[in-house]
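Paired with chain B in one complex and with chain C in the other, chain A is shared by the two complexes that follow.
Right, the complex of A and B next:
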């Protein structure tokens, strides 16, 4: 078998390794799915083609924020092949939020819009037809009258007084964390650190929404069973999470549903939301026939929840020798119109601060902000990827300002075993020092002896 | 006009798992009468390879060949609960659950073998090729194929096991943010080498050097796949990707892959990666999760390399040619129309490497 591996440098942490006599672990075995993938024989949910299967396509909001003053589906229903048009009235429990399973509320998102749309692409009604072409034709004949409402797109403008309210179920343009307007980190005294610092540096960082871009778009096929249950073939990243949320939306016992999946053409976080199964299940229940609902590439890119845009302000207290003694971070996560998984991602972002460094004074306000855009949600590196962009750009800037080697600056501040992190967890199993040392060695970046002798297991002079 | 070369650094850590509501996954394992073990899960394989890793963990724990394991996953009627594939949790949670299930099944396997061979189970070992044998007297042995058949038809035993891994619920303290959200941390340092065309603003990533600490690489080829695939994604995020290119304006949103640009094979840089292993006490064979973090360090490393190359500090992603050119114009004291302004002149090059 021909394969590519990266060398493992076992000279690091040699005393902690217990390699034993593994026979399978640490060996290259061929991926169990790879032959199917490269020969095109792997079966994905879309390979299920049933003779009586119906196709569902969504009519979506054409406005950023508007009242729906009229909805007319007469012409859509008149299209040959269109079987049914679903509106919010067909959804047993139309209002949900996916994290209610772990006690996060409030329910803030309709499956199908009731009287208001909150972003361009908000689903309003679902056309179910014998063919995809008929479903698209039906969608094009749906008539909606909108009365535009003021919209807000910038996170700081959304938090300003007098901003249009994005989501009345939330009640304000930010998620409330146990009575607080944001997820907070309070560790030490940053103001004292700034007062005593040799230098104070503050910069701003910004990202834009990013698409997960899986090869296979989000979708499902729901097949009614003879015993009255529904078999849901889905490319969800979490079968039981999808099952539980869908059952709550359908107001059915959980055991009415069976989710079958597990072979997915890429997820990257984009298939954690529960956005196709509930409405497809309603369609299957009401028609008694299999229903397929799969996102187009356009929907995947513009409607399916992307990685959130983030705005991050970092203010650091820095001493002449490179020690960072205080770090203040103000983070705005653009959740879009609905919460989805953003309250969780924002907490994850807070737990990651101030990066992999031991900084004795840390203050962070991490805001989960609602705006009139496509709801963002999970994506690979949820809550961390953009933070790392900001934190590591900040480190480079500090090194430049001090005229220091950027790796030495990182080594001086690197967290070690036994350090208390800003969220008050004692660090263990750390290895930042060693990956920096190794990377330096790989590119011929010379480090003085004192830096090469540093170790994650103890701090010098301790 | 010139192509300017620069080098940038970034070092990061990443949590394995992220717990808000309690984070469990289960595994069940049983031997069929053929001596093949079926691992039942409801975990999802997105292409990252959880089916393979689960089979490796089961084979190692049972002491049987990898080929004796079948993974049956992601049917909620037949597979026990899994929270899902996210938060770099799959290898850690599912791996631990599979090890627990396989350890229980191994115990039964050895008990039945002891009855069959009329020896003490404590004296038995597995040889990794399918035999259960008496330690130090390996002529006294039985193959799993024969043992599984005997267990069912003669001993009336099921060779099976149950496993679960649970990270218990932890509520953050709202005033301070005190919390215990994760199980361990993996680490990485990336060095990027880029070339910036100061006429077009186009950035080419020439080299990425990565050092990763991941506890233990359970399957080194799949670890390489994660490190290199993730680096590609990080490079793509750094240079190309945005569904709203002029955020917070909603215009110009790409609709397909002809408008949403990503690097193709020709854009991929030379990659050199080295793995370090500091086994995590709570990880399966010490493994930590690296599924997500591999996209992270390349982004700031590339941004910092662009600064090193041409003096333009990019504080907003992605690092498009437009932003590079605007930055260069600003350094040269040119305004939007390319005319010299009265602002301070600064050279576009000449930034000393420390």
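Right, the complex of A and C next:
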């Protein structure tokens, strides 16, 4: 063993779990999957050779927002090797939303488009063929007549009066949270804080969608079993979530499906939506043969759901000594054309505000907005990371405006155990002060005594 | 032009199979020969997950029409562990935690094998250059580069001690349970 093991400072855990004598943390444990990886014997879903397997490829919308006025698959069906073309009429329960499993509605997304497409790449019909080449050829022969509808690509434009309606199942261009137009935080009185502040700073932050770009693209192989069940080999990050959602879409009992998975060639959140399994299952049911549906690299980049683009306005009331006394945040999550996981992501964004700081007056409106862009969804701390980018950039800019050390600004405002947070929960188990102190020490950043003596367990002067 | 019989020496064994002209080496390995270690990450020669050695040179097998390399020697990750024992590159990847999701690993190891065969003592820059066509989306490059340098050291040490030293040094964690097949 010639690699370095980081020493763990156990002093913080003294008194816990046998005096912080960790059995795994700080030691070297071989990965359980590594021998498969280095010998090439790890089985990913696509490492499955079935002689009678069919290939499914998707014809997708070439418009951002349009009515489908005609769909002609005659020429596609005439391609040698093409076995079947699936349309929305073949899907038992064509309309769904993945979070219906936890009671989130409405169903707002067709598995295959019915009369309208709402983003560039919206799936319209699936060509199933004996070979991948025949399936692609079939897709190229699908003919769709579109009648373009006005499209909207900007969150604030989508919420403006007169904007085109993106998703009629939602009924308006934002998700409704228990009767409210957004997720809200109301804590204290921000307007009073702004009136009494030494400084008021307001800046705007904007991110682009971010693609997860896993090395292995999204896909599955569905194998019909002799007992009538379907065995689904998938690279989903969420086997049971996929199983349950697929069963609802197929209108079949859960025990008619068996998902084989758990080996994921990179996910990063991008393999949580249930997008390939349902249509591949229908293909397998209707043909009685194994069906593979795997994204091309182009599809992975163009239509797999990225991290949402966000736009965030932060307005802060700040005193000369660095205390932030009020924070007002208006945050927009671009869900794209369908809800997917964005209502949840927007809730997470609200839950994360105003950052790990104790601010006595907080006001936030967090909007989950529908636009004619690729639906966004889960990715590595979605709803939180872009907020953190905005919040921490805001902190750095305030420090610069005040001529203050950015670490001291954070230490002054860092939450402490016992503080009332904006969500009306008492903070406990906080560690930001110690983390900043330790980080400062490790990089040789000098802090005055008063700052080195600060502690998460109590606020100085309290 | 119809299908034809193609003959290759794959991992030291002569293999013959029928392929249509234009069939990629990757498809032939996976679908005709059942060798699944090489992966299709992009199918367009940009990610390197399908890297194998053709006559000792690393190539992206998704871009090679199999009929154009008739008779060539092809090495895949399946052929690396000799006699059921991990070689130096594989054991260095195990010990150095140079795998995450595992999807790029086959290509990374084959690029490393090609490098170490032509240069037993590469610099860090040489290693970075050798894997520049292999994408690790989990971004584990630092540990991969370190593992390849470690593998080079292990192989040099084994050679200088007479060449009979076991591929996996006794006492290393990888020696336990690391046997394959």
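Everything that follows uses one rule, which is that the second predicted complex is superposed on the first by the 439 of 462 C-alpha atoms of A that agree within 3 Å, B and C clash if a C-alpha of one lies under 4 Å from a C-alpha of the other, contacts with A are read in each partner's own complex, and residues count from 1 in each chain.
In this text, a contact is a pair of C-beta atoms (placed from the backbone, for glycine too) under 8 Å apart; a residue touches a chain by one contact, two chains touch by 3 or more.
Source: prediction; values computed, not measured.
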item	value
Touching partner for A:297 - first (chain B), second (chain C), both, neither	both
Chain B versus chain C as contact partner of A:191, first or second or both or neither	neither
Touched partner set for A:213, first chain B, second chain C, both or neither	both
Which of chain B and chain C A:145 touches, first, second, both or neither	neither
Of chain B and chain C, the chain that contacts the larger number of chain A residues	B
Which of chain B and chain C A:46 touches, first, second, both or neither	second
Touching partner for A:269 - first (chain B), second (chain C), both, neither	first
First, second, both or neither for A:31, with chain B first and chain C second	both
Touching both chain C and chain B, counted on chain A across the two superposed complexes	3, 28, 30-31, 33, 37, 213, 263-268, 297
Interfacial residue positions of chain A with respect to chain C in the complex	1-3, 28, 30-31, 33-44, 46-47, 49, 213-217, 263-268, 296-297
For the chain C and chain A complex, residues of the former touching the latter	30-31, 34-44, 46-47, 49, 76-78, 80-81, 86, 90-91, 93-97, 99, 101-106, 109, 135-138, 146, 150, 172-174, 177-178, 180
Chain B residues within the chain A interface of the complex	7-15, 18, 20-22, 42-47, 49, 51-52, 55-57, 59-60, 63, 65-66, 71, 73-77, 79, 81-87, 128, 172, 174-182, 184-185, 187-191, 209-213, 215-224, 227-228, 230, 233, 237, 241-245, 247-250, 253-257, 260, 262, 272-281, 285-286, 288, 291-293, 295-297, 299-301, 303-304, 307, 313-318, 354
